[in-house]
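Alright, structures below, take your time with them.
What follows is subunit A paired twice: with subunit B in the first complex and subunit C in the second.
The block that comes next holds the complex of A and B.
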């Protein structure tokens, strides 16, 4: 039978069956509808988040007449009338950038080690260890930060300054803690990206007489780079959204993470600052409905949503550039 | 004439020397970088061991029978254990039903196209939403009536719904992985026997994917148990001391993770040091057991379908 004949026979069979009621077909059709609805629920959930947070967020501008420039350019925050986010925004910026810059080299190094260098027998346990690390809840990191990192930062910084200037709370402790939290995120994604590079790429490089490091640097890493970048961007979103672990060590004060002036240590780290997420966490308790504070906190939430969405768009761009997956 | 030949030989010799030196240098760099990678791995691993070791070694002695069964805010953990169980199971039910169904749609029904793209973008964007924002959303929708007066108040139900929103994309992704791990032959064999799509899904794919789906559920359970920020303003950070042994979904109460935070928020510097560490030990052990089981099952599944070790 030719293809056309088969198609003809097929459509004839369908026509013959289509008029009859069949429980089997009813189940099949309703299942299709049900599964599609469940997929729609996922999209609806995203809309639910954006619409509801957004509907509260815009009241800052319409009801309380606080301008966006005011939020960004003022650093005066008293949670009643003045809502300058400059200090918190710079805190978040500093936290995210430094965290990712410190942890990315370690993460990629770790990923290269696990995927390329480690002997076979330790690869699986090490991967397991990294995944275990990924699963540790942020409260536990926060608690450790409070018990270990804050005293550590206090001792080191005071001995460096030569006087008791610091209590240990603030952006430095937050950066240390979040660096550890971002590390496994970037590592696991980088491992997958490096593993996805086909063997031929390595073999070709080694056959040309390159050493293992030359192979990694000139052949494997460039091929895996888009995947690694996806991991780095996801690390950025994790650092950006991290709340509880930071809350334990940040100290919660609306001031710049550090100030620079002409007296002795020149860069003075603040004893306690804040980032956008911890600002939400600490202030929401006092916020009551129909106050400017309440609306401003939702505006901050919406800002976090937008920044995260942009990050995801960037990571999807890198993902689309991936050649090997 | 001979001078030209001589200089030619000289340049060639020189080139060989340069090449040999370069080769030597490359070998040394290779050795050095090897050492660097071993060092990085050692640092990262020791950091992990430190985290685990510090919490467990300092906290295990505070985990006593009295601590596990007591319900006092700072010295007992029984209400938190019950709430954690309640909220985890409560959130896993809608997550499993919606997440697995949506995953079935993605892996079995969807065609490449704009709808699938939107779905993937929605799911990716949803994973990026900071959990504190989901907490504030839960406060808006479930705890209060859009801020105007109370709806359910701080309650387990509000916490469960906030966690459902937070983990839906993770469940979708994990379940999709589990379904995609089922070999194509299963689908083709079932279709070839005359089964329709629904029969193929329910009788061929789902049974084969069960271990994978269990793994996915466990991974999400681990995320739920460790979640704090989304719960502080939905199920509340207050620790109930009486009347907590109830299935009432509108009862408020903190989970193990939130408990660590509320002990901290209650008294940031000194208070309830022992209670915090002991709760952290319990939480860590729970998470490690759950994630370990998930990993073990995942490997078994991989072996079953691929016939080789992971």
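The block that comes next holds the complex of A and C.
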């Protein structure tokens, strides 16, 4: 068909479409309506979640007169009158920070190895293995934690202490398990970020006399950093929200993850503690409507929602700073 | 002029398509006449680099065929020839950037200040600092303008902060970029225009005080005005540096270079002073290429 012919057919089709019934137009319109409805449903659901949880959470302060400072600073939890969350906040903070501090360098190292150093034929299977790791359901991690990590922690800590003091449950076991869960998240995203750095950047560095390591450290990694940070933040989000696997090994006791006292080794890890998510999990089935416990649990949920929203915002920021993708 | 070589550009020797097969025969007839004999008008200037029977293979692909080429000191030597004839490969062999491509094999010598760069015990890091390289597409690091130029110095180590700042300024001046960027040294280099980025890459190479600049079609991604700026810069740089420039553009070769080497399917067909090569080609194929009658 010549260009003129196409144009003719085109305007004929447009003429046919205007006013009169047209199948194409019907499809177009119904698709638009369909996608608009989908988008509206998503937004409405999100709003509903925030409003619902938020309003329930609000009652903690209006109806039960529990102050935010009380939640944050008190250590006393009995699920009836006292709702100090300090131990759980500390547990969550410890879990997130230590997990990410341990797994981030490891993951980035692994990503560098897979993306930059390993010979080509190894790269694909290694990446596949990491992705497989990523897909393991958290309940499996929990079971492995129970069967492998708890006894391991028990043996190591008791032999270090020289006495039978520890049952193996608690924050340490949780950190070990969640570290393994966060590792593939940061690794896969870092691999993608490193791969996205164009070959020209490496060549530019090598041509200035940089060694391969100097090139990775000074040119490739800085160029990949925003992408790597996106992975780290997603790791934080995962560590923060992880519940099931942690529930298997954390021990579920309302006490500080560790205590400090004067006798060596000064830091004594508690046999069992709780993080915010597991506190929710363990208490919700007993909470009845219209009790302070009920509202406090909603307050915790709302805080988790807000923190993860902040994390998403931070990861969006890093994503927007990515130069290469 | 050079557009007429497009049929050649599109048929690398290895293709065995119907059209390609005809092309193959043509080129091989051209080459068998004297594949490795270069029509040479040797330079009178002292030499900075000399390759001797340099052969380069990518796997089984014989990309550079027994090339012996002099490169005179503090002159601009242009490398021209149709696409895929080995210009970039030859250039990369000089500062051993070919080392990073797996499955390359090299025989023969590249004498740089009379020392073979492929000899045992050569420090590749130092070599690459002495032979700076500028690439076809500007490739600044995603860092500030200052950090880009300071990169090589920081890699080398042992420079104080003020020394680095001095060298950054000198290099940016040397690359005719200082006036345009002196007030925004801490801004990202990626915000510069293509031409500025390319001059930044030249400044980056100058910062480590090279003796030779290897430029692979440094202006091919730039607009005509940016191209002229680069060419002016090359004129300036010739006072201090030995320059080897790959160019696709024949006028550019005549504008910037004193010597020209003409490559065809991996062989150096002709070498000599640019004016002689262009006006009195010793080889029919050079003449055809220059007249745009190639292929």
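The criterion applied here is as follows: the second predicted complex is superposed on the first by the 303 of 325 C-alpha atoms of A that agree within 3 Å, B and C clash if a C-alpha of one lies under 4 Å from a C-alpha of the other, contacts with A are read in each partner's own complex, and residues count from 1 in each chain.
FYI, a residue touches a chain if its C-beta (ideal position, glycine included) is under 8 Å from a C-beta of that chain, and two chains touch if they have at least 3 such contacts.
This is a predicted model, so every value here is computed, not measured.
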Check subunit A with both subunit B and subunit C modelled on it and let me know: fit or clash.
fit
After superposition on A, vertex subunit A (C-alpha centre) with arms to subunit B and subunit C, in degrees to the nearest 10, comes to 80
Quick one: is A:223 in contact with subunit B, with subunit C, with both, or with neither? Answer first, second, both or neither.
second
Which partner chains sit in contact with A:200 here, subunit B, subunit C, both or neither? Use first/second/both/neither.
second
I'd like to know which partner A:323 touches here: subunit B for first, subunit C for second, both or neither.
second
Would you sort A:23 into first (subunit B), second (subunit C), both or neither based on which partner it touches?
neither
Which partner chains sit in contact with A:262 here, subunit B, subunit C, both or neither? Use first/second/both/neither.
neither
Would you sort A:211 into first (subunit B), second (subunit C), both or neither based on which partner it touches?
both
Thinking of the overlay built on chain A, is A:33 touched by subunit B (first), by subunit C (second), by both, or by neither?
neither
If you count the residues of subunit A that each partner touches, which comes out higher, subunit B or subunit C?
B
Nearest-approach distance, in Å, of subunit C Cα atoms to those of subunit B in the combined model:
6
Check subunit A for residues that touch subunit B in one structure and subunit C in the other, and list them.
209-211, 214
Which of the residues in subunit C come into contact with subunit A in the complex?
95, 97, 100, 125-129, 132-133, 135, 137, 139-143, 151-152, 154-156, 190, 201, 204-205, 208
Of all residues in subunit A, which touch subunit B in the complex?
24-25, 27-28, 31-32, 34-36, 38-39, 41-43, 45-46, 48-49, 52-53, 56, 106, 109-110, 112-114, 117-118, 124, 126, 128-133, 135-144, 146-148, 180, 183, 187, 209-214, 216, 237, 240-244, 247-248, 277, 280-281, 284, 289-290, 294, 297-298, 301, 304-305, 308-309, 311-312, 315-316
Any idea which subunit B residues touch subunit A in the complex?
23, 26-27, 29-30, 33-34, 36-38, 40-41, 43-45, 47-48, 51, 54-55, 97-98, 101-102, 104-106, 108-110, 118-119, 121-134, 136-137, 139-141, 144, 146-148, 165, 168-169, 172, 196-199, 201, 222-223, 225-229, 232-233, 257-258, 260-261, 264, 276-277, 280, 283-284, 287-288, 291-292, 295, 310
Of all residues in subunit A, those that touch subunit C in their complex:
198, 200-211, 214, 218-219, 222-223, 323-324
